[in-house]
Amino acid sequence: MLQLVLFNVTNGLIIGAFYVLMALGVAMILNLSNVINFAHGNFLALGGYFAFVLTPYIGFWGALVVAPPLVAVIGYLIERVMIRRVYSRDPVYSLLLTFGLAFILQDACRYIWGTTGLPLTVPASLSQGISSELFFITGYRLFMMAIVAIAVIGLFAFLRYTRMGVRIRAGTLDLDTVAALGINVRLLRSFNFAVGIYLAGLAGVLAGGQIGLNPNMGDDLLMPAFIAVIVGGVGSLTGTLLGGLLIGVASALTTVFFPSAQEAVIYVIMAVVVLIRPRGLMGEEGMLT
Amino acid sequence: MNMLEVRNATKTFGSLVAVNGVSLSVAAGELRAIIGPNGAGKTTFFNLITGFFPPTSGAILVEGQDITRLSAQERVKLGMARTFQITEIFPELTVHENVRIAVEVGSGFALRPWIGRDAAATVRRATEETLGLCGLESKAGRSVGELSHGDQRAAEIAMALALKPRLLLLDEPTAGMGEQETYQIAGLIRRLHKQSNYTIVLIEHDMRVVFNLADRITVLDQGALLADGTPQQISENPAVQAAYLGTAE
Amino acid sequence: MSTTTIETVLKAPTERRWLPAAIVWVVLLSAPLWLPLVGGYTALASHVLVMGLVAMALNFLLGFTGVMSFGHAAYFGLGVYGAGLTLRYISNSTLLALLFGILLGGLVGTVLGALIARRRGVYFAMVTIAFGQIFYYIAYSWNSFTGGYDGLRGFSRQPLHFGPLVIDIQNNGTLFYYFVLAVFAICIGLMAFLLASPFGRTLIAVRENQRRARFLGIAVDRHIWLSFSISCYFAAAAGALYALLNNFADPMSLHYSLSGEIVIMAVMGGMRSFWGPLVGAAVFVILQDYISSMTENWMSCIGLLFVLVVMFFPRGLLGVLQRRGSP
Amino acid sequence: MAYRILPAIGRRTLIKGGAALGALQVASPYIISARGEVPIKLGFIDPITGVLSALAASEVEGAKLAVANINASGGVLGRQLELLVEDSANDVGTGVQKARKLIDRDKVDGIFADVNSAIAYAIAGVTSEKGVFHIVPGGHTDPITGKDCKWNVFRICNTTTMDSAAISATLVKKFGKRWFFITPDYAYGQTLQEGFVKQLTAMGGTYEGDKLPINTVDFSATLIKAKAYKPDVLLNNMGGLAQINCMKQFTQFGMQKDMALGGALFELESITSVPPEAQTGWWTMEWWWNQPGVPHVAEFVAGIKKATNKPASARHWFGYVGVHSFKLAAEAAKSLEGIKMARALEGLVLPPEVALQPGKVFFRTGDHQLMPSIFTGEAHPPKGDPANVFTIAEAIAGETAGGTVAENGCKMTYPA
């Protein structure tokens, strides 16, 4: 039993890594642009499908490099053409807009690539378990963990050490002041949006190799991503990181004892956190109002 | 007993000390002006008095009662009403509706799903009186968002008055106004003070208005109290002249 | 100007205020007569009323308190299950089912509202979505009680008994439509009554300017909580009617995607107008009904509708009309 | 979603132009009456979107082929058939609404629904309330023709009891008596697992299992649990995409080395969607395209191939048989009245060009369940033909596997 629990903790971290990748993108867009991106899961699917299309030409590795930026470009364009126009309006409009986009993107994927699941072939070197004891840690899963870790470290480094990153963080705290300093806030938001979408696209390629592709593949990750943000504390990316890992592990552990509650449990965690620490684990005071 | 008493109020934001140990007493029926250069902490001080946020240390008393920890709503119930530097009104509603809401809330009807005929008549009368006092009768039916800046200020003051406050706090009532509008608002404040006997505390930039209206003047500089006295005393105070009047616009 | 002038100024807009209401009621009351002529059917009309009610309930919060809930399907769905479970396990009284449905959704909304009401703006929306999903998963997972994914079957609305008078809303679709209309009318009447009261005006004050409202002495959090709770009771009423309409309850009635649809109904119709959400619901339900029969790509059409409304008709259908109508 | 198949147009044009014509028709519903004949409307509700969509698509294609064939040979009772396809979106509530719409607005004479057992089950509630003739082509859960059987509901595909009974003995004999179930937590999965457990415990076996949401994507946690249990056989009862994902992760974990795979259904659509190493295990197959020497089968397979460029699957056959059963019932009853059709279909034996398999295939009178042969066999990577991924080992008469009407709990009552 202990072994089983231990297995599941590890497995939960892997699931959690996906939640984290999704949630960080959601959180970045939310923090700077005040937009809840309902279409985030669909950008994820788009990333997977782009990789599927590219793999025959440039291989899995090439697709892993090329597909996420392509998705980011699509995200950037959508932000430029549509989402940007509703920043100044009541937040209800941005919500509805991304909600509608989610429908359209999902349907587009279905129209182009069909309802049937498609496989995204990963290199054979990655698809074996690392040992018979640790069979559930396949090379691919280790690889995913590594990529997620690199992406997260890269993101935090970007936000801390680059000029654009520092501006994004400053804008998250006080957009008006950033604007008053003469920084191009529109550009900042577009870029930030694209970075968030890039993370979704990356998650899509990784998920595609794990579970294959289908038009709804991002849906199941969207709510956990929201909850990771709420649990971690709105405004804190570190909190989001912790929140994602926490609910991933909790969900996997629940599967051991009460499998049909594996989804419900993350909501229970959220309710408890909101009750005990209304700002989330790492939330800051000003962020909730 | 003083209408308002502030004892040693301090407010810090992180390492920034916005208000530093300021004390103040305002007698009933007095009109007090608070002046000081930009960044002197005037609005922060106002926010401490009205409960926008609690002070880091110090105490605030209204008619001898300690209100330091009370919420803004509770302070309103004790008779405190304020306006803001940037007009805060209900822009999509008419002037009449703006004031009526204030009257109803002031009469304790905020949770009433219905009111009787008599109460409704009282509300209407009070609303019309307040509109009349502020010279807004003719604009009652217009949406307040469409009014001129001066009329919007007047409407905001009317809403504050509709609460029947014993202490009225006005944050730069003439900010951003032209000659004519400033004159109009100053006249309104004078009427409220002289005819209706309100206790008024106001922050003001326009020195003509300040020296014309105020019974006493408090000068803040860099978050601290610089001087406190009659207009005469203040205008003769060398420290004030050095720190403020000399550099005034 | 004298006070009489104020009176006349104020009265001018109120004078025509009965007109939209009159049009709505005439259309609704006569629906079973003209509906078949234009290719509709009574169940569709009942469906429009139900969605209209939940959209108006949401708009009580969204349009008249200025607070955006993206989780209202939860309280609608609790109404659905409340009514369904009552008929299935407790009693075969339609009215009792309606009552329990309203209470279940409303009470849960009241309790959760206390947790949620302190949030603002987009965070409020996010927390409402996430809390709403809890009930989706409860209904989805609790097989033995709610029927789980399969939904709750095995109940049926029952005829109404008033002493010797029996109204057979069970088998007569038209009579059931009028039953829905009656409940709808009571709910809408209550909402209009509340909105016209001093309490209702404080909600509008909160919508217009929370800072001003707070410094008028309005306890903003408490008023948002009250508005949220009230809105949940009405949403649950709509849900209970929905259960009676379909004789069926399923977890999707609790899902956030339905919340999104409810919001778009309110916005499409016009969230500043009392009747707007009903118009929005009618357009949405009928469009969805037809489009989903016409094309496999109905999701794109609905998505496009969302985008078009947001980009080009943010004030909604009635909002556009109102603006045209006023000088 | 309505590809309204109009009479007297070539099949291929039909499938391509269906959607556009459907749109036209909504605008002018009486376009057909100009021909002097109102077609018989059939409503077909299936999860065109969602995890079961591949299966649903096949059912619709089979039904379309049947409609086209029937219309080409004179229709039913001299009238043409018109198929209205609606998407249930794999959502029970949506399915129920679509059923109400088809009945109330379109006034269909028959309803066909649904791949998803839960939706089929719920729609049966609506059709029996309204007294509309209802055929369930591909929803397997027992109560539809068991304890909740209805006079107006007939089912083409097997019950979960039939499918599980057919393969249980084989699995025990070949692999052993320690089983682990991965089962979708809804009507289908619940009754299927019940059926298996009944068989297994009767043979003295032991089991463990997880019931997971129907849309589950990540099975790793459950697979770890399965591995720890060290079963002889893993029964993958998931459906559609979920089953495929489960298989992929199973092979990624290398678990095929530790335990055998098997279960009730691993359909052609699913077998061809998993990697070769997952194309394995012993399964029940409800209909198979490769039946050399059985009359009319090749014809049907060619028809499906021509219309869809896909190999014919059991789902195609369900849709095809469903529509033909409607025709047979109407013609035997000489009426479209639900009760008369239901009476006429009871005990009716399918002609060979519809049955498409050896042996007697008939609707059992007591519970309205079709009694075909049940095939069991082994899945394997393609041999020659890419669709040759399954080899039949045995054909079992449905009636021997399924239990009697009394055992299944159906008490058929007709309205007075």
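Worth a mention:
The first chain written gets the first letter, and so on, giving A, B, C and D; residue counts start at 1 in each chain.
The working rule: a contact is a pair of C-beta atoms (placed from the backbone, for glycine too) under 8 Å apart; a residue touches a chain by one contact, two chains touch by 3 or more.
As the structure is a computational prediction, the values presented were derived from the model and not from experiment.
Pairs A-D and A-C differ in how many C-beta pairs touch across them, and the larger number is found at A-C. Centre-to-centre, using mean CA coordinates, chain C is 38 Å away from chain D.
For this pair, chain A with chain C, the centres built from the Cα atoms lie 33 Å apart. Averaging C-alpha coordinates per chain places the centre of chain B 42 Å away from that of chain C. Multi-chain contact residues of chain D (touching two or more other chains) are listed as 48-49, 185, 213.
Within chain A, contacts with two or more other chains are made by residues 110, 260, 263. Residue positions of chain C with contacts to 2 or more other chains are 140-141, 143, 299. Inter-chain contacts, as defined above, occur between A-C, A-D, B-C, C-D. Interface of chain A with chain C (complex): residues 30, 34-36, 38, 82, 85-86, 89-97, 99-108, 110-111, 223, 226-227, 229-230, 234, 260-261, 263-264, 267-268, 270-271, 274-275, 278, 287-289.
Remark: chain D residues 48-51, 53-54, 57, 185, 210-213, 215, 217-218, 220-225, 227-228, 241, 244-245, 248-249, 252-255, 269, 273, 275 touch chain A in the complex. Interface of chain C with chain A (complex): residues 62, 68, 70, 115, 118-123, 125-127, 129-131, 133-134, 137-138, 140-141, 143, 256, 260, 263-264, 267, 271, 297, 299-300, 302-307, 309-311, 314. On the side of chain B, the complex with chain C involves touching residues 50, 72-73, 76-77, 81-82, 84, 88-94, 96-97, 100-102, 104-106, 109-115, 123, 128, 131, 137-138, 140-141, 156, 159, 163.
Chain C contributes residues 1-3, 5-6, 9-10, 12, 193-194, 197-202, 204-205, 208-209, 211-212, 214-219, 223, 226, 272 to its touches with chain B in the complex.
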